[in-house]
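Chain IDs A, B, C and D follow the sequence of writing; residue 1 opens each chain.
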Amino acid sequence: MEMAAPQVLMIVGALLFGIGVIGFLTRRNMIVMFLSTEIMFQGVLTNLVGMGLLRGDLNGQALGIFVLVIAAVEAGLGLAIVVMLYRRRGTLDADGWRTMRG
Amino acid sequence: METLRSTAIWIPLLPLIGSLLVGAIGLRWLKDRSHWLVIGGVALSLVAVLSVVSTVVGEAGRAHNVDHVAQHEGVDVAHTSDHASKLTESFTLYQWMSMGSDSWLNVSFRVDQLTSVMLLVVVPIGFLIVCYSVGYMRDHHGHPERGYERFFAFLGLFLFSMTVLVLAGNFLVLFVGWELVGLSSFLLIGFYYQKPEAAKAARKAFIVNRVGDFGFALGIWLIYLTFGTLDYQKVFDSVALAMQYDGDTYPAILRDFQALLGTDRVPDATAASALVLNIQDRITWIALLLFCGAMGKSAQLPLHVWLPDAMEGPTPVSALIHAATMVTAGVYLVARCSVIFAASPVAMWFVGSIGAATALFAATIALTQYDMKRILAYSTLSQLGYMFLALGVGAFDSAVFHLYTHAFFKACLFLGAGSVMHAMDGVIDITKFGGLKKDLPITYRTFFVSALALAGFPFLAAFWSKDEIIHAALAGNMPLLGWIGLLTALLTAFYTFRMVAMAFWGPKMLPAGVEHAHESGRWMTVPLMLLAVGAVFAGYVGVTFSDHGFIGFLAPHGVFHHFLDPVFASAKGILGAHEASHEGYALMYWSSAIAIFGIANAWYFYTKRPTIPGAIALASGPIYPLLKNKYYVDEIYDAIFVQPLRKVGRFFFGSDRYGINSLLFIIGNLPRVLGFGLRTGQQGAMQGYALGMILGLVALLWFVLQG
Amino acid sequence: MLALVPMIELLLPEIVLLTGATLILLTGVSKTLSRSATLLAMLAIFGALGATYRHNNPELLATAAASVDALNPGFFANYVRMIVLAVGLLIVFANRHVPEEGERAEFVALTLYSLAGVMLVALANNLILLFLALELVSVPTYILIGLSRRDIEAQEATAKYFFLGAFAAAITLYGFSFLYGATGQLRLFGADSISAWFIDGGSTALANDGMFLLGVLLSIGGLAFKLAAAPFHFYVADVYQGAAATVTGMLGFVPKFAGMVAAIHIVGLTQWNLSGPVFWGLWVLAAVTMTVGNSLAFMQYNVKRMLAYSSVAHSGYMLMALLIGPGQDGSGSAMRNGLAAILFYMAVYGIANLGAFCTLAWFRKPGRDDAYQSAELLEDLSGTGRTHRWAALALALCTLALMGFPLTGGFLGKLYIFGSVFASIGDQPQHATALVVLVAIGALNAAIGAAYYLRIIASCYWDAPRDGRVAPTPCSALQAVWVVCGMLVPVLFFFPGTLARNAVSAAHDSQMKVAASKAERVAHANESAADEVIEKAAVHSATPLKSARVSD
Amino acid sequence: MTNHLLSIMIALPFLGGLAVFALSGLSPDMVRRVSLGVALLTAVLALVAYGEFDAQRAQLSNNGVVLAEDYALDAAADSGLPVILRFSLGLNGISMPLVLLTALLTPLAILASFTGIKTREREYYALMLLLFGTMLGVFCARDLLLFYVFFEFTLIPLYFLIGVWGGSERRKAANMFFIYTLSGSMLTFAGVLYVGWKASQLAGGVMAFDFATLSQLAEQGLLSSTEQWWLFLAFFAGFAIKVPLFPFHTWLPLAHVEAPTAGSVILAAVLLKLGTYGFLVICMPFFPAGAMQWAPIVGVLAVAGIIYGALAAWVQEDVKRLVAYSSVSHLGYCLLGMFCLKMSGMTGSVLYMVNHGLSTGALFLIIGMIYERYHTRDMAKIGGLARKMPIMAFFLIFFTMSSIGLPGLNGFVSEFMVLLGTFISRQADDVAAQGGPYGIWYAAFGASGILLGAIYMLFMARRVLFGKLTEPEGGFDDSAGLTQDLTRREIGILVPLAVACIWLGVYPKPVMEMMEPSLQPILATVAKVDRSQFGDDRQAAPGRAVAEAPSPSQGEDRGEGSFSVADKSKARAAIEHVALTDSSAAASSRNKKGAR
């Protein structure tokens, strides 16, 4: 069965998004969790590209580029935070950070 | 008429003013001179009463003549001359309660023959008793008791209340007086408030009275519901009209109703007919509910329990309130509402039966008591029973007559008992003393005369009135009541002289601690003597001269009854006015014999052979303890009403705390429960949070995209 | 189309603010200079306010807006700007004592960036700009939390807020991508825009279009994180607790306002014509959010956490008003306008919330690591009613405002929200029962709220003071902030006029934008031939989701 | 000044309270004096207001008010506001007596606190003044929203008064009081807004809350009877808890027991009346159909409360709780009379509000005086006090009698009128062509309260005053400068109340005439409701209906002067409907006839 490119991109995007979500939920290492959010962003990006293809304009890609920028910003910030956390505790296990609850 | 009315207002006000002044400045300034203000107030009030009564007598005489003429000409009594109606009209002092659309329940008085009789009973006897109290409320050295000024303030308050009661021109004011005498009674019974029994008795009196008042109030409301007014005369005339209605006299009835109640209330014939049917429907209820009040105030079965306990109050109080005046208010009520009662055979039957039952019941208890005042209290119950018996058989005038004679000799007996008590340092148990005849000569003599009167000794006060009652009962359609009356008469004679014998006759005996028995001072003896005179002669106003036989030249139904006739005319009209002869000579012989037999027996049992009573008591099995313990009525009430109600109260309080509040607690803690559940989601792990977010999002998507 | 001059004209307040922020950041190079950070921030904010004030000129707006289609200038944006700047000024002052000496410049600058983000959210008329603005709001706040305190709780809070924030941002963005995909537009309102597309399709067939709906829902879902609406509320208490009290005061206002404004944009895309399922979805969201927030707050004895969860509840109340929107045709009364209610509520809430957190910060107690920390537990507050009368009074007033009690602005906030819900029954009689029930739920929730807010007041006034438990923070700026908040709270009850009137015209403006897309689109459609419509319909029939389903 | 008299009267205590709170230099003694002075000044203003009221009484007819003021808060002419807060005030015949009651009792309550309150005086008196102003505001408000604002704001001062200066369980009591009443009034709030929205149709699309507009709603058919049912429920939630109506009363005994004396006094005397006042001026005129649908339920609850409160009071050991339960019982009367659709009942009901305020307020004051001396209210620990405190005993007996409805004192008049109105409720008359909602059984059961009331109040009086003298160890506490019997200050507090009790008992006509013009329109509105529409199948077919049929005098084929059989049976049917609505009663009456 032949599929048009937009649909393929959308499905791939959805898969990537889903993988990101699952990764975020299941992995304990903060860096991996952070990467999972990045994968979610990539899924969105893929989706956007697919939508742009579907609509036949560049708006989707334009948004996509901004997404990339934001993802980069978040990456920088995220890594800084991870470093800070690691310095404090010496571990990156997400479960270690649950002193506040209830 | 105007002067009559303006004078009448002062009758209650004067004692009230005296009382308030004493209450305000007595404790600090008047101290043992407190009585003067009240005595002055009551004396002035007495003057006002005399003036009012003389006017009424004059007016009544004129009205009678006019009536007489009118009757000859065959004009309907209900709307005859202006003269006749003047006395029955009530006059408004001021507007009191608003019923909307500019109709008001007023404070209004009414002065007619019945009021006059009651005033003549209340105020003079009240005056004598206030005077007596001046002596009584002091110790042997003439120092006033603690609370002396309070006592006089209360007495003044009572006289105010009682006169309001009898002067009332409508049911509302009647109720006001009714409740206020209850208050005075409460305060006076509880005068020795340090004594727990006195405090308890005061409360009991008030509450048992309230039981009756509960019914009374319902009756008043039912009257208002039916008639749209509480004015005596409008109500009575409406009842009379409704009873006259036979289906044919429509225009007259409509006109009469419109004249009575106004065209708003009775706009047309249909409304008039509805009113007639309403009245016929409800008259029994109204009568019975009103009678509830009477039962409470006059201590008739089954609401009699408070009166014997009320003897915890100072003796003058017992004499004034619990013998002569206040307790007769029930009789007054029924007499006042004679039309209403007469219109309901059921109610009449009920009143008569309750009266007879109480008369007998109380007399049996009196046989076994040793407390002088209690014996007198039961005797009062019994005599009140007679009065209701009379009312129940339609002999309204006889009932009022008996009320009037009873006031004198019973007040005298009580005051005599008080004098004894004063001499015995507060001891009143007749087993503890005896043979006081010599030491207390005046007390003994007055007491003896009054006892004779009570026992129905021929030609003394009660002889006439009681005889009349028994006669009326025997002649009416409930002769059984008459027989009960006769039996009670026997018992009355017996227990009265049992008391006389134990206290005054026989060997002298004084209670422990009392060295000498002193006769009381002037303040006390003079009223005693005056009352004793009343006990002998009071009956003669109700006696007429007759042209038959030896004794028969004195027959009941005299001036007194003629005076009262107009008041009871319409009631008698409804009852069918069987003008039977008043000449029950046979009965007069019989009752004299009964009285003498009872007195003789008492004399024999308690002075000649004092062992007999004990033997009889032993032989009677459970009857004596039953009587001695007053048929256990108090205990039964406690078990049936008081304790269960308190249990309910406790249950309610418990259900507040454990039921309603628990429910509120549960509801109030629902957020906590919910929060507790939700809190399990707040474990602090960010992945858990993310999971929650995703699940929530999926649920939202699913929810929306599904629908 | 790039029109530089109008663009600068329209963005002047933001430009002033961002320039100021950047300058402040530069002052960070020297300690001496950085002391002036707060002063500079004040100047920047006043400058931005002035520029905004200049914008309240319809003609200027009309000419400028005509040339810039990525922006959405108007009273709505101006209202948001003014509120954000005003509260922002208080936030800056309140935080004066928070940062360490060397970090003051960064701290203040980041605050200003975040404020500018909210303003841009309101101004955005384009999904790209909207997304960037939202990120501009959140990214600085991640850092601010971390900077605010040195202890482990602040770091944990930073981590949680950042990770979950990124996660939520991805969801929002995913939603945006579907919005774009469904319509082919990035513009929100105007002639060629998402909302115009929505009308075009006719309200029935396409309103339920799956992809569009998915886009709206995912966007709202992501924004719910910013709003702290259930089920995206989990992080709230931990983050609020971890941050310094004054920063928490900011967190309760800035991201929530941004999220609310964005949500207004997104829901506005549907022309406020919520189809059945969306209505019910938002209904449930509102009801659950209120209840969850209040129930969780009910359990708390830590004031910061309590206020955190209560902020969830407040989002719930505002969602009620979002649910009914401003009315479809724009002809309804001011009361009918749910947006106005939200805008008013947000301002009052921001002030009361900030005031409460500022008094908490003012009652400081010795914390871990030799540092002072703000009062947190109820017992910390005990007896402050006697020892610090005025601060406790301010706290009580702010708490009463949050409770929605009369004689405080909070009462009017609740009044407007509940009232607007009732007033909307006229438009949508089919939902009458649902709306009445929602108000009843809201009312009961307000009662629950009263129960826990009372504990704060009770601690202040009932309990005996404990010696040395708390001492005032020596920061007059902070004191000034709670004084101002405490005074504003009753003032807003007695004189709500200016604020309320502005909120109404702002909401009206937003509503007009939505309606204008419709009008413009209709005019446009009249110009083009009928075949274009047919063509468009053909395109829609080939929407990916549907074809994907077919291909399966 | 008369133009702004009411706002000055309301503002004065607010400002005074603020001043007392803010001026930290004042000594406690000065604080007391200043607060009393402010309160007295306010009371004087209330009297001045009464003077004006009396002079302008003619304006009262047709829902009119006197001393009306109306300001829109912060609203410019071009108001585009969602809601305009109107500060509109006015006095009518219902609010005037309650304003006077408040103005009488609050200064007395402040005076009564002089020796009892030993801590944090400044806050205490500030709160008392705040409460004073708020209560006056409730009664003066002529705008539903303003009413609600004041109504709700009364919670705050009392919350603190109980919570700070209360007894040992004060926290629980204050919390329960606050949260319970607030929960109810939140639903009321929703109802307020719904009404306001509905009224916007009459006010040009803007939410309107002024009483004049709201009273048009039902009349113009803008509220269906179902809506009115629900609205009544919403207001019921707030008012019934406030009153408190059985079974929502449980907060009251707790609050009373824990509150300081002045708090109890104000709570019982004035604050409870906010609920009844709300029912009367809001629920009845604005939702007449709702009121009539609910009247039987309210009546049943009121009667239940009368009996329940009385019996629960009887088993109390704590004097204050006993009196608190008596309030539950008494306020049952108040509500019973209100809904009976008879002028007598309604007048009695308003009068009852005042009278209950006087007598129960005074009882709480006396209990407070005893408590200050013995630090207990447990009847097992104190007894026979009449011996040592005769003046106190006099006043206690006096107010007990007033409370149990002794004629001549105030309680009787209102009790009698309420029960009379209830008793004749079902009867049709010119105003209520269908008659009222109650059968006679409501009155019959309600009247049992006059008996039960006597039982528990005298039970209390007997134990406290009579019998053997019982005191806690060490006699009375004279540390505050109190004497064994009442001091002059305390007598001075009680005497005005006693005088008012007598005056209202003997000559209440001025007060009734004051109320009547304002009650009339309410009664007329409610009476107009056609109760058959919501299935009140027991509607009376009154004499009036019969009267409308051709009367025999007009009929052509009937000779004047005789009823036909048909007339008679028709009349009988009518009577049985009117009078003995409950079938059992009807049956028993027939039996009676049979017996005859």
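The rule we apply is simple: a residue touches a chain if its C-beta (ideal position, glycine included) is under 8 Å from a C-beta of that chain, and two chains touch if they have at least 3 such contacts.
Remember, it's a predicted structure, so these values are computed and weren't measured experimentally.
Counted as hops between touching chains, the shortest connection from chain A to chain D is 2. The greatest number of inter-chain C-beta pairs in contact is found between B-D. Rounded to whole angstrom, the centroid-to-centroid distance between chain A and chain C, based on C-alpha atoms, equals 25 Å.
Spacing of chain C relative to chain D, judged by their CA centroids, is 45 angstrom.
Centroids built from CA atoms put chain D at 35 Å from chain B. Once the centre of each chain is set as its mean CA position, chain B and chain C turn out to be 79 Å apart. Under the contact definition stated at the top, the residues of chain C that touch 2 or more other chains are 159-160, 163, 167, 171, 237-238, 299, 451. Residue positions 24, 33, 94, 97-102 of chain A are each in touch with at least two other chains. Shown for chain B are the residues in touch with two or more other chains, namely 668, 679, 682, 684, 686, 690. The chain pairs satisfying the stated touch condition come to A-B, A-C, B-C, B-D, C-D. Within the complex formed with chain D, the chain B residues making contact are 27, 94-101, 104, 172, 175-177, 179-180, 183, 186-187, 190, 193-196, 198-200, 202-203, 206-207, 210-211, 213-214, 217-218, 221-222, 224-226, 247-251, 264, 267-271, 273-274, 277-278, 280-282, 284-285, 344-346, 645-646, 648-650, 652-653, 656-657, 660-661, 664, 668. On the chain B side of its complex with chain A, the touching residues are 679, 682-687, 690-691, 694.
Those residues of chain C that touch chain B in the shared complex are 159-160, 163-164, 167-168, 171, 210, 213-214, 217-218, 221, 225, 230-232, 234-235, 237-238, 276-278, 280-281, 284-285, 291-292, 294-299, 448, 451. Contact residues of chain A toward chain C in the complex are 1, 3-4, 6-7, 10-11, 13, 17, 20, 24, 30, 33-34, 37, 40-41, 43-44, 47-48, 50-52, 54-57, 59-60, 62-63, 66-67, 70, 73-74, 77-78, 81, 84-85, 88, 94, 97-102.
Listing the residues of chain C that touch chain A in their complex gives 127-128, 131-132, 135, 139, 142-143, 146, 152-153, 155-160, 162-163, 166-167, 169-171, 173-174, 176-178, 180-181, 184-186, 237-238, 241-242, 299-300, 305, 544, 547-548, 551.
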